[in-house]
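Single-structure report; data block below.
Each chain carries a letter (A, B, C and D) given by its place in the written order, and its residues are counted from 1.
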Amino acid sequence: MAAREFWKRHENLYFALTNKKVLIGISIFTLMILLAIFGPALTPYSYDEFAGEGYLPPSKDHLFGTTLMGKDVFTRTVYGLRSTFAVGFIAGTIATLIGCIIGFLAGYYGKWIDEALMMITNIFLVFPLLALLIILAAYLPYRGIMTISIIVGMTAWPWTARAVRSQTLSIKNQGYVNLSRISGISVFRILREDIAANMFSYVFMVYILQFSGTILAAVGLEFLGLGPTQGVSLGLVMQNAVNWNAIQLGLWWWAILPGLVLTILVVSLYFINTGLDEVFNPRLREM
Amino acid sequence: MANQKQDSIMSIQNLTKVFKSGLFKPEVTVAVKDVSFEMRPGTILSLVGESGSGKTTIGKLILKLLQPTGGKILYKGKDITAIKDKEGLKEYYRRVQAIFQDPFSSFNPLYRVDRVFDMVFKSFLNEDNKEEKIYKALESVNLNPERILNKFPHQLSGGQLQRLLIARALLLDVDILVADELISMLDASTRIGVLNLLVELCKKNGMSVLFITHDLNLGYYVSDYTLIMYKGRLVERGSTRKVYENPIHPYTKMLFNSVPDIGKMWDRSKEFLPEQVVHDVRKFYKENQGRGFEEVEEEHGVLFSDTY
Amino acid sequence: MGKYLSKKLLIYLITFFIAVTINWAIPRFMPGDPISILLSRFSGLEGGREIIEGQFVQSFGLNQPLLTQYFNFWRSLFAGDLGISIYVFPKPVINVIKEAIIYDIILLVPAIILSWIVGNKLGAYSGVNRKADNIMMPFFYFLTSAPYFWFAVVVAFIFGVKLAFFPISNAYSSTVQPGFNLPFIFDFLKHWFLPFLTLFLVQLGGWAIGMRNMIIYERSSNYSKYMESLGASDRLIRNYGFRNGILPQVTGLAIRLGTVVSGALLTEIVFSYPGLGYLMLRAILNQDYFLIQGCFLFIVIMVLAANFIVDIIYMIIDPRVRLSYSGEV
Amino acid sequence: MAVILVFAFATVSLAYERSETLVYGGGLWGAPSNWNPLTPWAEVTGTGGLVYEKLFHYYPLSNEYQPWLAESGEWVTDNTYLITLRKGIKWTDGEEFNAEDVKFTFEIAKDNPLHYSNIWDWLTDIEVVDSHKLMFIFDNPHYQEWKQILYDLRIIPEHIWSKIPADELLTTANENPVGTGPYMADSWAQDRMIWVRNEDWWGNEVFGKPAPKNLVNLVVSGNNVALGMLMKRELDLSNFFIPGVPKIKDTFGLTTWYKGAPYMLSENVALLFLNTTKKPLDDVKLRRAMAFAINPEMISEKVFEEQVQVADPTGLFGKAWMEYHSEDVVDEYGFSYDPAKAKEMLEQAGYVDADGDGWRDAPDGTEMRFEIIVPNGWTDWMESIKIIANNLQEVGINAVPGFPDYSIYMDKIQQGTFDMVINNFGSSRSATPFTYWNWVASDEINGEIVTDGNYSRYDDPELFNLIDEFNVLQSDDPRAMEVAAEIQKKLLQAMPSIPLWYNGLWAQSTSQYWTNWPTENNPEGYPCTWAGKWQYGSIEMLINLKPAQ
């Protein structure tokens, strides 16, 4: 009985956990996180160590094969995954926070605040961000994961701001907000139950998209050689592969597998996002 | 129909609402300008006009969802803009309620539909016999409580949701009810029932209803008084019969001309040309320059010129 | 109508202004000095380098006050002078860029337009056909999740190395004679195809997903339900949905232009395709500040121009925008 | 689209017959844009060599000078050098080449700031004896430097360059280069430079006619592209370091200088510079211990797949330099990979782990932590310093690799804010070890920035004097041998920089269109198309090439 009560109260959670897309997405995502956390402990090598012969295709000893110099690609991938997660979390959070704050302020207060903030947002929005990132990154002497995350985060927020603004705007003008007001509900409760609660799912999904978006942006930078100047990252592994002729020499495991892991990670995030969309927008759920 | 003239319960005086937007060159939209009318207990006022004419804005102003730019709204003689404290607001909403245009958006999708009743009970009503009261209210709008309660909004149809809102309004014994495009979501059979219910409540409880609509026929069917809005202005006002039988303002005339036959659906294809109306109205105002809003007969006023 | 455009133009102008200012400021306030870089790999006779360095500092105007440098920057910008490239010294940056930008255009324009059209069609189909949806959706997600350059690597490996159907670098073979003749055009298209395919496919997923979701939303919307209740045909409702869905997709196109251009940069790098992206990488690797600046500026201009075109298209196909900004409401 | 294509290519017509054309890449890094012989660091490779010729060519493999524009050259007195020019040489515009052109080439640097203007610090006068004879009169002849100038300086036509305004000397692109050489600039596009054979070249009768009618120098963006093109035989010659070549060279029929390891000739030496102005790197004992700790063998094997050779402790290589190589000095002061010995040396010098954190500390107890830097993106060097850092860590020295961007790398080198850095910018093969020593132990270390080598900022006036002395000694002077040994000894004793490996003269060729490439067994010519190196025998390679059947 208690359990039933619980699911009744947390119906969205129930729907989320029974949504196939969310389940698949979360499983893969969890797997990736586990891989990033425990992967390094699972492999006997370190990412820059000459783990064996060069040019080895995937095998039991080297799951993803070895590089031309004999480094273990799997080890490099799981270490790279770590930094990718770090960038996703930090940059995604920064971008979502900035986007939400600006979007909410613009949408909620409207008038000139809205105009001014949206002007800034639109400017950022038409800016080709990768080019801006390249310019920024190119002139920063040493770049850590934190620097990269901040740069990426600071440039990834505009679409979030716009989306959150329109969401705020639409929720603000929803009939149920008015209905709550004329039902004598306190402003605080309206903010919480009518606005925040309806925004939450949206913001959460925005966060997921930002997570994947910032990962992709960061990997792009890394691929250009503008990633962290220390350590290993997925983009760097792929850049290395291209620079060391992995494609021409037929070392497909080196050129393709790390990117495949990344792509699967991003796909899992999209799955979670779409699944949650169905959960939070019950109209889609019935499809 | 109300025969004896009663004291007004709400008096709208020179109400004006201006929206501003734009950072560098603010765009000013005058949504409502210099509108005055009275609401009396037991009467239904229909507020008729095309979309964008300012009728919904008036409803929101009355509900204190918007702040007027100018003019006054007196409820029982007191200016409602002065109501600022929580208790005062509660007291006001206890007596002034609304049914909104879009039933879908009137429900928070995250909660069951029961929430609208819960809120009302928590704020305004004695929780004794709560369930019984809700059942009664639902039944009076032809809803089966068993099949409605505990559902999420998306699981119900627009008509059901709208009737839920009416039921909610019924629970409260209100003085003023703003009904914005009340029956747009209902099918023809329910429509009549709901309208009749509204009229009945109005007469029985002495409730005053502001019936906002763009549908002249509906207005004619339910209302005692009719207000015609055009571009933010109240252009004609009076007892429904007088306005309908003897429209004077060119916009009102145009409205009636374009309705071929009372009792049939409004045929959209015969809608008038906006340019024609603008032209006619301008001409009318010019001819009557210097005149303002004047009573042409008892309980029938017309805006002769907007430049008085 | 004019108001809508002028508002957009204002935003573009401000963006451009900021871009130019950033462009000017960054190399001047960041470590590393372009002249020193220009000469860094030069080992000549003893002391020869200082002599030359002084010459360059003067001719690049780097010894003037910052504000003067800033105004000069604008002045020469309007004169079409973006400075002299270090990497391909002493070629004017503007000429280097002009030669590269043609490749971007022939790569980007068809890729964007085709993927937009095909993506929307597929998405619309996916939105109404559950069976197709189940098969195509994961594929679309995969496409839209793949980093541009990784996808390029995959395409290069499969079609270029394994199957060896297409070349994987350069814009045309070193063995053909460039010119307007059939063998060259054929060769050119062969080189063009893989980068194009990459850009086309990677974007396809995004458009398809967008349109699919739009269609589903539209179909569950009130008026669709209303139309359904009135007995409108499925086809009619679908067409309605498509028409309503296409507008946000145009906006989406504007929003994503920046990403697409950026993505094209990475794709060009994988295929050594001599457009702006590839040029920019070379400029970065060679620390050619002036060329980096020039590339950045042109990428900004390209994105702004493309946005503006999309705006105009949007205005033409959406009567609401047309009306609401001409004061005819 | 067709319109765009026409627009893009209508301006250039690049017709050539593939079987008569040599296609190569590796020395051209961007769209051809500069044929100015006065800015050799920026010129399209071949400008010096194919168009503008030098007085002499120098063959590094045999260590011989080949008179080129000059017929002969000799020191007639201690401070007078007489050059006799070949007769009958014409500039490609038809003007005759004579002694005035040579004189002008030198004197333009007297009046304008050019990269060789410093010659005039020790050159006094140039006398034109007759139309084909010149006397160079020095007040302090730098014999060794002069050796390099003879084959490095591009001789330019007076009748053209005297008309160019002074302020344009460095910035003119010189799009119509007029030289005396075997090739002329034909046309160029964004991605290629095309040279066409000069059928009237004076050398056709002297040396033979270069085989390819056209030279197509492609802009190849990187080694991966080069490899792809070699595999498809699109390139006849590539001058890239290409990972994987040892693995696939036989499969794809690639020719390299040596059939097996080390595959490539050596071209320059990569050194690890230790910043001697930083504590505790000012301690020679620490520096010498490090030299024993590093394993260049592993770098050669892992990073370069044995395409490079481990450096001699003196850093010297090649016939010209090795003539001065002192076995005795190496026996006594040399080093080799020996971690046990490195540890022992560190212990003795007091470098022990005082605070127990696992890393050795300086004798005064301060913690040591070093950063080794190379530019970000220079992938082979990046991998190399990872190995070096590991090697040092294995003997207890806390060293980490760092990959700043190139501009920062240069900045740190020039400002002296680095700990350790790999560099090879001035260590290229030449006719005299003076160029190497003058770079690796340059005395120009007291300015605000250091740009001319000796990044270690190792300050030893005695060493500087020795190098200067070597410069003013004739090569056959017995004293030169002594000075050279002394220089090697000092460098090894003080160890301000550690020679690690010889970067290769990367060259891979295919035989689809051309054969008879210069190799170990056919050492005629020099397979190099890099800027400034054509005089080492690349022209001879062109002459010796044979069309494939």
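In this section, a contact is a pair of C-beta atoms (placed from the backbone, for glycine too) under 8 Å apart; a residue touches a chain by one contact, two chains touch by 3 or more.
All values derive from a computational prediction rather than experimental measurement.
Relative to the whole-protein C-alpha centroid, the nearest chain centroid is that of C.
The chain pair with the larger count of C-beta pairs in contact, out of C-D and A-B, is C-D.
Centre-to-centre spacing of subunit C and subunit D amounts to 39 Å, using the average Cα coordinate of each chain.
Per-chain Cα centroids separate subunit B from subunit C by 52 Å.
Each chain gets a centre from the mean of its Cα atoms; for subunit A and subunit D, those two points are 47 Å apart. Listed for subunit D are residues 222, 224, 228, 377, 405, 407-408, each touching two or more other chains.
Listed for subunit B are residues 104, each touching two or more other chains.
Those residues of subunit A in touch with two or more other chains are numbered 119, 138, 141, 225, 242, 247-248, 283, 286.
The touching residues of subunit B, counted against subunit A in their complex, run 20-24, 60, 63, 65, 86, 89-90, 93-94, 96-98, 100-111, 116, 119-120, 123-124, 152, 154-155, 165. Within the complex formed with subunit A, the residues of subunit C that make contact are 11-12, 14-15, 18-19, 22-23, 26-27, 30-32, 130, 138, 141-142, 144-150, 153-154, 156-157, 160-161, 168, 213, 216-217, 220, 255, 257-259, 261-263, 265-266, 269-270, 280-281, 284-285, 292, 295-296, 299-300, 302-304, 307. Against subunit A, the residues of subunit D that register as touching in their complex are 222-224, 227-228, 231, 242-244, 247-248, 302-303, 305, 376-377, 379, 383, 386, 402-405, 407-408.
Those residues of subunit A whose C-beta lies close enough to touch subunit D in the complex are 48, 50, 54-55, 68-70, 138, 141-142, 225, 229-230, 240, 242-245, 247-249. Across the interface of their complex, subunit C is touched by residues 119, 122-123, 125-132, 134-136, 138-141, 159, 212, 216, 219-220, 223-226, 235, 238, 241-242, 247-248, 250, 252, 255-256, 259-260, 262-264, 266-267, 269-271, 274, 277, 283-284, 286-287 of subunit A.
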